[in-house]
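Written below as structure tokens is the structure these notes are about.
In this document, chain identifiers A, B and C correspond to the written order of the chains, with residue numbering beginning at 1 in each.
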Amino acid sequence: MLEVRNLNVNYGYLRVLSDINLKVNEGEIVCVLGPNGSGKTTLIASIAGLISPKQRSGTIIFQNTRIDRLPPYDIARLGISCITDKTGIFPEMTVLENLLVGGLTLKKNERNEALKQVFALFPVLRERCKQLAGTLSGGERKMLLIGRALMSKAKLLLLDEVSAGLAPIVLGEILRRISEIARTGKSILLVEQNVFAALSVSNRGYVIENGRIIIEDTCERMLKNDIIKSAYLGIQNCQAIFGDWKR
Amino acid sequence: METTTFMQAIISGIVTGSIYLLVALGINIIFGAMRILNFAHCTYMMLAMYGGYYIYVFGGIDPYISLLILTPLFFLGGFATQKYFIEKVLATNILNQIILTVGLFITIKSLASLFFSETFRMIPVFYKTISYSLRGVYIGLPQLVAVIVSISLVLFLHLFLTRTDFGRMIRAASQDMYGASVCAINVYRVFCMAFGIGTALASVAGVLIATYYPIYPHVGDPFLLSGFIVVVLGGLGSFKGCVVSSYIIALTESLIAYAYIPAFQQVGSLVIFMIILLFKPKGIFGGYESK
Amino acid sequence: MKKNLLVNVITNNKGILCTLVIGIVMPLVIHEPYVISILILYLLYAYLGQCWDLLGGYTGQISLGNAAFFGLGAYSSAILFNFYGISPWVGMWLGVLLAVGASIIIGYPCFRFGMRGIFFAFFTLAFNEALRTVISAGANAPALAFMGGPEGITIKLIPSGDWLTQIYNLQFFGRGRSIPYYYIFFGLLIMGLLILRLTEGSRFGYCLKAIKADESVAESVGINILKYKLYALALSSALTALAGTFYAFYIGHIEPGSFMGLNTTLHIILVPLIGGSGYIYGSLVGALVVIGISYLIKFCINPQYGPALTSFAFGLIMIVIVLCLREGIALKIIKLRHKFMRKRSLTKP
């Protein structure tokens, strides 16, 4: 469904992403892992069209249409929804209005349908629907962002660091919802720092380091992968640290 | 001050306040969307006044009717200004933006001087001299119409911004440009529309006062000054703040003019402005985090 | 040792020394009084442009009200001279004091609350207009009538053949009366150049440039933004007020409309913008263009259209500069030279 080929992104003289090749198929949840500064957010931004074409090269194809030269609003119209902190909520509009803006491309009755679905998925949004979005807590904002993205009947969701700043319980809630969303047939590309969280919901995963993909595999195999275990899950290190403490 | 003079000052303040409101809302909408304060805003107002004048003189069409022609025209003018001028400097630093809008301000005003000369003109509509009075306090018919039209337009604008899809698009693009982009909103076109609406508001204000105010190339300047004061005082980007502060400023100016010297009214409002700013630096309803 | 020092000073300050030499020699070569008067105008605007640039090009704060400080300098020394016989050399310091005071009044609210640049621009404009209105009140406010109202003040002429009195009163007579004024304004210009030069090399200038580049970063490095902006504003306004005094006595008559009007401010701003802001010699180039254009229009066009056409030309130039020629002519030339020289060194075998 989504295919990224030979993506290279530069910020000035700094090469941020080199030769990225990535695929997301229908109904899949794909996660992208990696340390800070590895270029994960840039990847999402490139797909969503938020990075100027002058700074990147390579092809991005979504359902047989080339989207790498399109402006972000056209990409959104094709069915890709981007959920990042940069493309945030509209703080001075109510929760309801935020969702309505998300559903601008739909007709009136379709919009009400979508609204019902979003409220079913995130009941807390229905409670707060008349509140100004700027007054919501961090977790509620993330839910609002996801809800807004769902309003447009997007087929592909790009999620950037959904776990950032969330309490573990809230994160668990959101992850559950993400799985439910995927079950309805949407595809999800998930960029994450929290490796456990990501691997627990995804089907496949990529690991990016210094702008290059170093690992590409299904999540089950990745969980057993030694490199991932030591570098990202820190299992061996954890034991060493706890060992010292206990003494 | 006697009661009748006081009441007259209040009436005059309400009339001017309604005009300031239109001008300031225009500035506010543009600022809310693009964080640009358009120095040339009131030159469009001045051009609209000349438009109303010439349409009346050559076509015999009443200014209130020519509003219907002029408003869309100025909307397009604003749209084009944003598209071909302002957009180019949006990404650069604020110095360039200031210089561009000041440049436009000077160019348009001097063109008006060249084509229309500095002579004062007035539109000789028959109803200019009709006025109503209540216990010695007068209000002219054109002024009354100005207040009514202005307030209705403001209500309509508020409904437009809060209840319609277009309005929500504009507000969304103003609050988070990237967030709006990923909601399939063409933010560049929205900005052009916002600029167009702002300019159209200024043009309506212009035509409304053209029925009773002298028309000359520099007529917009005091409105620009007061308009900026109103916008900052009310809090940048705040609709409510605009409404409240335009009347505060207009009433202050009016009272100073009636009680003291007309020439000092702007000095007075500037002083009041600075005082209020010391206590509430973000304006009365200051919402926006000015960068 | 001393010889090396001298050589060093000369090579490092080539530009200023050149300007010094040319400027000193000029009136000895040119005797036509009309040309001298044009030169004086050029010197004035180049100097005023430098004063503006100190705040605008170096610190990044655009002031649209420099004419107000110019007028303050002019009016204060003229009033002190007319009513109390105080020499303008003393009176000009009142102008400086008032200018600094005014700049603190405007600057403090603007800079303290971290308002955006456009507010400062707007504030200075509003202040300028307010001051001008108050000063031209004249007939409406008898208390302020001593300021001469809209027609302004004429400086009392005290004709005298005695050199010392002439210098004391800043009023020169006889053939070649403009030449002392020329040297005064030339002195101002050189002083301006030196001040800009000193600023560029000093910590003060470094802080200003940091503020222009990125305020929040500057603050995080420990630069007290409020303090430095106020310093720059105060310096800029004080220097402008000085010029106001000298120009008032040169012309002999002060009018609020021409001294403190938007037109004057426009001329002042255009000088560094066209020539290159943030660059010492930028104003020198810019003033050439500004004066050149105004005189060109004056000579070629029907005088009735003159002022409006000049404004139009300037407005158009501002727009064109912003859209095409961001850095100004002088800097653009330097950039092109660098590019050319780099190309040459690349093609060298």
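Here, contacts are C-beta pairs under 8 Å (C-beta built on N, C-alpha and C of every residue); 3 or more make two chains touch, one makes a residue touch a chain.
As the structure is a computational prediction, the values presented were derived from the model and not from experiment.
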Viewed as a graph of touching chains, is the assembly arranged as a line, ring, star, complete set, or other? line
Judged by C-alpha centres, the chain sitting nearest the middle of the protein is B
Determine the centre-to-centre distance between subunit A and subunit B, using the mean Cα coordinates as centres, and give it in whole Å. 43
Subunit B and subunit C: spacing of chain centres that average the CA atoms, whole Å: 33
Roughly how far is subunit A from subunit C, going centre to centre by Cα mean, in whole Å? 55
Touching two or more other chains, which residues of subunit C qualify? none
In the complex, the residues of subunit B that touch subunit A are 165, 168-169, 171-172, 175-176, 178-187, 287
Note: in the complex, subunit C contacts subunit B through residues 56, 60, 62, 64, 109, 112-119, 121-122, 125-127, 129-130, 133-134, 136-137, 140-141, 266, 269, 273, 305, 307-312, 314-319, 321-323, 326
Per the touch rule, the subunit A residues reaching subunit B in their complex are 48-50, 71-74, 76-77, 81-82, 86-93, 97, 100-102, 104-105, 148-149, 152
Name, in rising order, each residue of subunit B that touches subunit C in their complex. 35, 37, 85, 88-89, 92-100, 102-111, 113-114, 221, 225, 228-229, 232, 261-264, 266-267, 270, 274, 277-278, 281-282, 290-291
